[in-house]
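Shared between the two complexes below is subunit A, which has subunit B as its partner in the first and subunit C in the second.
Right after this comes the complex of A and B.
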């Protein structure tokens, strides 16, 4: 039965990884920002959702909605307080903007982690399942919630695809990731496009945080690890490539699950890290990268 | 103008060094301990600045080099009982090997990709130490049989003079032709290569120098505290602190990295009454410094003198 368990667990974990990484790659592709406070934003969504559920005795869906809202607000604060001042600063040389954004978001991530630890302690919390109960799939007991999370991840990813590829608001995002200068020359206001991508980013990352809290549990201390795993998946898939990130998420998710079940849970992340280093050495642009 | 300012800064450092050297007469044992740690951090941050500020390599894994030096020294001391000096040299050599391993991808990769490799290097080192916990003490860490000294003041002086010597050597290197060529390769590797400089060779040299000082400082820290543990020499958060110290102090200045480390570790201590919030506040202040004064603390001093 292990094979089926690996198949299901791997699928759900990979979907969660994919959802978590997709925002990270989107914001890099469109605005050129590597947000090292990424895990922090997921943690905010998870912890606020969990706290709201307890404090106002909300049902799991209301709590999840509040968590996503908190993630969105955190993304806006990241953009307006940390990133935009650096992008617009005249004192920072243009070729050094990138490292300033890396350092600033790193600091911001530390602030989020410490602030969350202060407000909610660093004990891991698990949100109540969205759907209770278990089902038997080919003899394997699986919580309904786990399946629900896998499905929800893909629904959100599908919605993102619809928005980006099929709507008037989304298409400029695609264009901005190809050639921002040309888009500016066509009369599009870049700051609006940036704001819109941060909105999408906040929602995606918020949903990922809330679902993660409902499946595996989250603590304020997970912020750094979540950023690192999103970063690795995104580089493995190719920076800025959404589909590459999804493929990479499945590669990493299944490798980790197989290692954990077949070899030892202690060694869980190691094969994926070694593959990552090899890919970066041999094919620096990642699976589907453009550069 | 710039060189005058810079050398004037070096002169300013002399009285500061004298005041620091007589620290044991006017500082409490507690602050001597805090400063001892700050001095080792200063060396970490200066080594990082040589790679980042001059060679333009974003190394997210300074603790990979530090950890190799620290654990190299600790393992040799524990299992072979070698004298401390031998252990430190061995640790330094281990770091240099690690530096070369990190430099190999750096010859091919740039920016975020290289940053990720260094990050993964730290994670892998950490996992290996935890997996071979029978040998390395794992998460808990390993006690080393020897320590530098049991006297706080002596430990303080060791750290201070080690930092001062490292600072002097690194500043000289950064102003030498090697430093200039590194700066050129960092800003435009293709132009530097077109001018006939061997980019690979210079980058490799920068990694070896940075690794040597990181490793020695890591080993010294182990023999100061008597333990080598993942939490004190390898954890990503230590690397984050080093990067922040170097950028807040002022990148591409070497001495700024040292000043940044001391200021941040002291601020951490002074704000301890805030309890859990102290790291939050220190990070917030650093963030404000980076956004408002991108040149860092040292850049701020320069600007003021130019204005006057």
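Right after this comes the complex of A and C.
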């Protein structure tokens, strides 16, 4: 029975990790920004969704939609208020822009965390399951909501693939991640591409936050840990590589789940961290990294 | 030697006057500053410091309840005509923040006593400072037995510290007593697994669980201690279920929402009872979206049960002022401020040694029972006394959005009820 449970739990947790990390790696690949407020945006989506559900007595889907919207707005605020002024500032030397953005997003993440703790306390909240009840799979009792979350993650990842590889809006994104300068020379308006990537980022991260809240619960204190987890998955997979991130998410997700079930829940994050250290030593560019 | 300053001042009268005024103000300020401690001791408001965890569910009640206690004392005329003033700090659940707040309260705010923190690790960090600074201190919720053991072992140094809520050994005892009456009795349960968060307060809790559960007829199959940062409880419930116990006995306070929601969503077919501190707050239902249905916890008092004549008026006033009902820590913090106020009144002074001597004589009807502290020869020196006629706490269960008191029988206002996925295994054994 445990084997089946590990398979199912590992699948869903990895899918959530993957969804959370994809936005992080996408925004780095396309716009060069390492957004250390990433976890904060997930937390905003989760807490606003949860609060709206209680405040306006919404059904789980309405609440989830509002949560995703909040995530999108938070992503826009991050871009327009925190990042763009630094990118455009003439007083910051071009070669220091990256470190300024890194610091700014780190501080912004702390501000979000403290702000959310002030508004909602640091107590974890869980959003109502999208589908209640349990099903029995080969004798293993699994919440329907958990399966639904795994499926939803992959639907969103699939949609992302369609947008990026199959639409005329998406192709410039790919190009921008390869060679932003050439794209600019070809006459593409980079700020439009950036705005588009932040839109996708906001939706992805909002969905990840809402689904996480519905599965395991989220608190304002989760922000730092969520950023760290996305960051290590992305480093493991290769900075900027979407597929690498997905593979890394599954490596980390399954290692954690197997450790928790077979060895001890206390040691859950340890083996994945060891692997991360080894990868940084032996293959610094990550699983599918280009550099 | 000629003073050039004087010469300059003589030449410029306006400047001189300004300088004089400044000097006078500074002198006055100094004099005032020097006079302040004496003033604080003899007249003016009596200050009581409060350190709380404003953004945690249980800890948020500390500051609110202490303010309410001061309001009530002041409305009744204060302490011999002197008002009680509450000075509050949020320690953000950090021991170093709490210690700096404590030092500030003692040295700058010049309070007479401090009520602070429900977290054992934090109370244990404050305790030595309470000794060094001779500052009477009481924790309204920290349950570790180490707090009172330190008072017992080194009374001279640590006598300024009191424990205003039942320690873990007593908490565990009351859980065992409940288990005997409500689980072993009616359902003939025979086996249990202990599930506790890894923290200072659960060490003595689990120790006592392991001793007293078998005595009431519940064999302990396993003790699972998990990291308070745990997000996914599926493996833990999975492991527990694999051992086929009749019931889960909990020791959780820093966590609460996650294990409860996952127990409900995964439909773990075992009932849970024990300490689940967050479930004692009225917001727990909303925080868990109703997954709390059927959850049992020991707590200090319930808003609708008149444990003493003081319980319901306090709970009602708290609810009216802050919108939700107090956690167990809130009841204790309210009692602790009152205990200090009465000790200061009896001592007729804010001298710390006199306050401690009077605190030791406390016999006060509070919101959770009759508040008394063990003497210095007891292993739980300065700990809240447990037992019938003193403080026992009670058990509540969440039922359809309401906390129903189910134990002890003389104050119970409802019967236990569990959600349909919970299998009460009486028949199978």
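By our rule, the second predicted complex is superposed on the first by the 291 of 291 C-alpha atoms of A that agree within 3 Å, B and C clash if a C-alpha of one lies under 4 Å from a C-alpha of the other, contacts with A are read in each partner's own complex, and residues count from 1 in each chain.
The criterion applied here is as follows: a contact is a pair of C-beta atoms (placed from the backbone, for glycine too) under 8 Å apart; a residue touches a chain by one contact, two chains touch by 3 or more.
If you're wondering where the values come from, they're calculated on a predicted model, not measured in any experiment.
With the C-alpha superposition on subunit A as described, subunit C and subunit B fit side by side in the combined arrangement.
Looking at the shared chain after the overlay, A:182 reaches neither subunit B nor subunit C.
In the superposition on chain A, A:278 contacts neither subunit B nor subunit C. Contacts of A:106 after superposition on the shared chain: subunit B is touched, whereas subunit C is not. By the document's definition of touching, both partners, subunit B and subunit C, reach A:266.
By the document's definition of touching, neither partner reaches A:4: not subunit B, not subunit C.
For the combined arrangement built by superposing the two complexes, subunit A sits at the apex of an angle of 60 degrees to subunit B and subunit C, based on C-alpha centres and given in steps of 10.
Of the two partner chains placed by superposition, A:155 touches none, neither subunit B nor subunit C. Once the two complexes are laid over each other on the shared chain, residue contacts for A:131 go to neither subunit B nor subunit C. Contact with both subunit B and subunit C is seen for A:118 once the two complexes are overlaid on the shared chain. When the two complexes are laid on top of each other via chain A, the two nearest Cα atoms from subunit B and subunit C are 5 angstrom apart. Once both structures are placed on chain A, subunit A residues 117-118, 266 are touched by subunit B and, in the other complex, by subunit C.
Of all residues in subunit B, those touching subunit A in their complex are 52, 58, 105, 108-109, 111-113, 115-117, 119-121, 123-124, 127, 130-131, 187, 236-237, 240, 243-244, 247, 276-277, 279-280, 283-284, 286-287, 290-291, 293-295. Residues 55-57, 60, 93, 198, 225-227, 229-236, 238-239, 242, 255-258, 261-262, 265-267, 278, 286-289, 291 of subunit C touch subunit A in their complex. By the touch rule above, subunit A contacts subunit C in their complex via residues 2, 5, 9, 13, 53-54, 117-118, 121-129, 132, 134, 141-143, 145-146, 216-217, 220, 225, 257, 260-261, 265-266, 268. Residues 34, 82, 85-86, 89, 91-92, 95-96, 98-100, 102-104, 106-108, 110-111, 114-115, 117-118, 224, 228, 231-232, 235, 239, 266-267, 269-270, 273-274, 276-277, 280-281, 284 of subunit A are the ones that touch subunit B when the two sit in their complex.
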